[in-house]
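Take a look at these structures.
The two complexes that follow have subunit A in common; it is paired with subunit B in the first and with subunit C in the second.
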Partner chain A sequence: MKIVDSTPISPAAARITAAAVLVLLLLLPLFIRNIYWIDLGVTVLIWASLATAWNISGGFAGGLSLGHAAFFGVGAYTSTLLFLRLGITPWIGIFVGAVLAGLLGALLGVITFRLKGPFFVLATLAFGIVIHIINVNWRGLTRGAAGLLLPFRGGPQNMLFLNLWAYWYLALGLLVLTVGISAAIERSRLGYYLVALREDEDAARSLGVRVVRSKVVAAATSAALAACVGSVYAAFIQYIDPDSTTQFELSVQIALVAIVGGMGTTFGPVLGAAIVIPLGEILRARVGGGAALVVYGLLLMVIVLAAPNGAIAGVRLLVLRFRRLIQSRGATDA
Partner chain B sequence: MLDVQNVTVDFVGLRAVDHASFTVEQGQIVGLIGPNGAGKTTLFNVVSGMIRPTSGSVLFEGKDLSRLGPADRNRLGIGRTFQVVKPFGGMTVLDNVVVGALTRGQSRSDARETARATLDRLRLGRFENTVARSLPLALRKRLEVARALATGPKLLLLDEIMGGLNPTEVNETLALIQELNSEGLTFLVIEHNMSAIMRIAEKVLVLNQGALLTEGPPAVITRDPQVISVYLGEPIEST
Partner chain C sequence: MQLVLQIIANGLLIGGLYALLAVGLTLIFGVLRVVNFAHAEFMMLGMYGAYWLWALYGLDPYLSVFLVTPVIFLLGVAVDRLIVRRSIGKPDVTVVFATLGLSIFLQNAALTLWRADIRSVSTFATGSVFVVGGVRLSVAMTVSFAVALLFALALWIFLTRTMYGKGIQAVAQNRRAAALMGIDVKRAYMITYSVAVAAAGAMGVLVAPIFTIFPRVGQTQIVTIFVIVVLGGLGSVPGAVIAALLVGIIRSGAGFLFGTAWGELAYFAVFLLVLIVRPQGLFGRRGAEVYGG
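Here is the complex of A and B:
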């Protein structure tokens, strides 16, 4: 086999690109007036955060979870119920939800860390479904399928805003937080351990990597961040029910966004959200009905076939080719 | 230093290791030989904690390891390589070794320093940015050693790291083992390359069908008729 050198995009270039994108996102309100697009934008940011949270355990640690809607739901319901029943502001509720989901994630991690491949996937799937069933049936707490409506009380101090752009900045702040934590983990000791465990668990253990501790910390962090996204989502939509928070389809979509964008990379899930969510929305609005879903499915297949390691890997390849092209131009000019 | 006491490993319908007992003293290079399927790698897996023995125990520096997993045993100072190499394929060669250094509590920059020094020592320095899975097998075997060394072990278990190496490479590997040994590292070495192991080992253990057949200095082992009949088939040339 050919000896291949790793050819990373320089960290400086990546940082500049990320900063440029962030500035663009911060200034976007100056250019867009249409409520429909703002709404779509906030939805994309929320999904980007959610997929980034998923990626910490699903991508870095390689434990493909199909139960993450459970954590999202715990976040959404915790902050909403605390607000409705006890009048506690979602600004505090979001942390309570994160802690609860973190503990739940750690528990799931302790139970499932030994499971490999499809068995791990099935365990997370079952966990997600159990949480959904509890959510639907525990009417005394969650009001079941009737859902919970957030009354507009108090405004900003309760994470409720009249201006849609406020949610844009809220979701953007959350995205910066999740991506920041994700990037920090990737470069940390834990990040090395998780990737090592994903690549070869036996080898990692023989080098002193503690399996349970690493996987449980990743699972808890991932779950806690997913819960934060759930709280922000609830404040944005102001109505939550089991179908929109803990349903199985939602778990699949979370994994899908990260996989399409590029699991195991910091920016892949963000790119995935920027591709998948608008695609689904626009198709639903312009095509509609069953046809939209068929086209949506076909387009996703095309994307996955074209960039099997995720869209971010495709982008990376293009950048490297472009750079080589410039270099060879430079060489012939000289 | 290492005390293997009456270890038996039963797999379904097969006794892989049969009441094996031996010791490795601080500073020794001990060879572990035997025909294919004799249970050598299984024994390594017991010592490194990858599998639990059916009965018997392993002591390291007087401490019973029974309740410790591979990670904790490594942290006590037992390093190992795998016969079927297990690189972290998607990582660079450098990052593979960094993982080993990180578990010793080094900061990331210190770990990179340690990893670079270790790679240089194994003449893998120029491959530090190479994607590990693209390395040729001989170099991947060396990477196994580099990674284990970066954890700063007291005892290093080498599982057939000389398979497929040419004579020059074998000599270099032997020189490295001896150099590390002179710095205080103890070795337990599984090897099929008989002349190689006989040149460096102070003591050789012969395993046959899971049981320890005999043990002794290389000169005695190579002349032992029992060993010759089960394993060597013919007397080996002294080198």
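Here is the complex of A and C:
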């Protein structure tokens, strides 16, 4: 599976672009006053982190997971339940959730590492559904379909803020963390191992790549980060239930965002969130939820059939064309 | 004893209906190496076909099944042309998410067109029951089961007795050798996909008098079908039939013993276990997930 054929963007240029985008995002509160747009912005950032987390195992290692909502849900429920039952602040709960989900991800990685193609996908799907069924039916712990309401107690020390912009910075911090980890993995020995075993597992093994360990580490990291996003989501929405945290549709959408943006690249999932989430919001508001999902379905089909490298490949192509244009202009001027 | 017989009889009836759906899914996998995530959506379309023909023209589902099934067959031809054929032999992400995208599309197109209302069809058989040896059987379910059996028989004759069917079997065994023998592999793909989704559509029409009809109904069934085909061995037709009957009985027994929710959990756990311990299922062959073979 080839993800990107050529990389016309140099690492330095990518770093400068990323830094510029980050500064812009940090300064955004100076320009936007409308609560609706801030809310949408926080949602985009949360989805960007979630898709980035998925991409570590799904994109780099090629383990297409349709059960990632389970890890998101573990994070959301762990920090929320610790806060409600034991009064432990979500600032600590987020790490407990990450550890729990990481262990769960490692466990799933250990039992599924041998499975290929559709079998792996079906195993993750079944795993996600098992977690969802437990979530709906273990009413003593999760209150089932009734969900959990986060009471506004304490404020910032409990990850609860009155100002929406505080959530913007919280979600932005989380995105910097997930993208940072993702970029570090991509450049590390582990990252090269993962890509190697994604492309040809047998060849990678024969060259000395530790297949099982690499896959399990990727799965655990991906799960732990997804759980962190779940905790932040719970603090932002302040209400969680099985439908909004562990449902199968959520797992599909996580994968969809990463695929549309460009799986197997660091910034693809972020770009995917910036495209898919606002598009979905606008369609939901204008033509209704069903029609929005019709477009999601179409988008998914068109992307995987016509442009499996995602939107980021298109951006790369544009940059390349633009540079050629400038170069040819420069040539004629001289 | 009476109770055990009752549970087994109910399980067999429902399992027989599932078999019609599962055989198609496993056939598509065996021949095209594609997991058709949209499979249950064709059942949903069959259900709506039965509903509208009944609601608008008063046509009985046991008659309209002969109208709806060919239409879904043609839809299958179109889907094969536009989507499935283009994904074959491509990376996993394309194969998996192309039909998953189709599933999301069809589900929500139905939701947009026909709204989320829950609908139902009633026939001459609705609500009536007959008793055999102390076991109470629903007339609607029994008639649907019998018609499903008829369709399954026709499918079996098609696969084993016609040249098209034999070609499909050859492609499932070894696509390269089949192509060298002059079999049109692409046509085999098209026929397999269309016949399989038409069977799913027929199943949808037949269960319309039994199940409630709503746009997401496919989603409530697809995972059960996955459990069946994986248990029977992805690609194995006899395996799918046996597993469907087995799952039917397990479901009706577990539902009685533990209640629906925890019974469901139990069989997902079994599903995961089968995938991990014996991914080729009870009757499948090893390495079936690789396209090349």
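The rule is simple: the second predicted complex is superposed on the first by the 307 of 334 C-alpha atoms of A that agree within 3 Å, B and C clash if a C-alpha of one lies under 4 Å from a C-alpha of the other, contacts with A are read in each partner's own complex, and residues count from 1 in each chain.
FYI, contacts are C-beta pairs under 8 Å (C-beta built on N, C-alpha and C of every residue); 3 or more make two chains touch, one makes a residue touch a chain.
Note that the structure is predicted; figures quoted are calculated from it, not measured.
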Touched partner set for A:62, first subunit B, second subunit C, both or neither: second
First (subunit B), second (subunit C), both or neither touched by A:180: neither
Partner contacting more residues of subunit A (subunit B vs subunit C): C
Which of subunit B and subunit C A:205 touches, first, second, both or neither: first
Partner chain in contact with A:137 - subunit B first, subunit C second, else both or neither: second
First (subunit B), second (subunit C), both or neither touched by A:193: first
Interface residues of subunit A shared between complexes with subunit B and subunit C: 1
Contact set on subunit A toward subunit B in their complex: 1-6, 187-189, 192-193, 195-196, 199-200, 202-211
Contacting residues of subunit C [partner subunit A, same complex]: 29, 35, 83, 86-87, 90-98, 100-109, 111-112, 215, 219, 223, 226, 230, 234, 261-262, 264-265, 268-269, 271-272, 275-276, 279, 289-290
Subunit C-touching residues of subunit A, taken from the complex the two chains share: 1, 62, 64, 111-112, 114-119, 121-123, 125-127, 129-130, 133-134, 136-137, 248, 252, 255-256, 259, 263, 288, 290-294, 296-301, 304-305, 308
Of subunit B, residues touching subunit A in the complex: 48-50, 69-72, 74-75, 79-80, 82, 86-92, 95, 98-100, 102-104, 108, 127, 129-131, 134-136, 147-148, 150-151
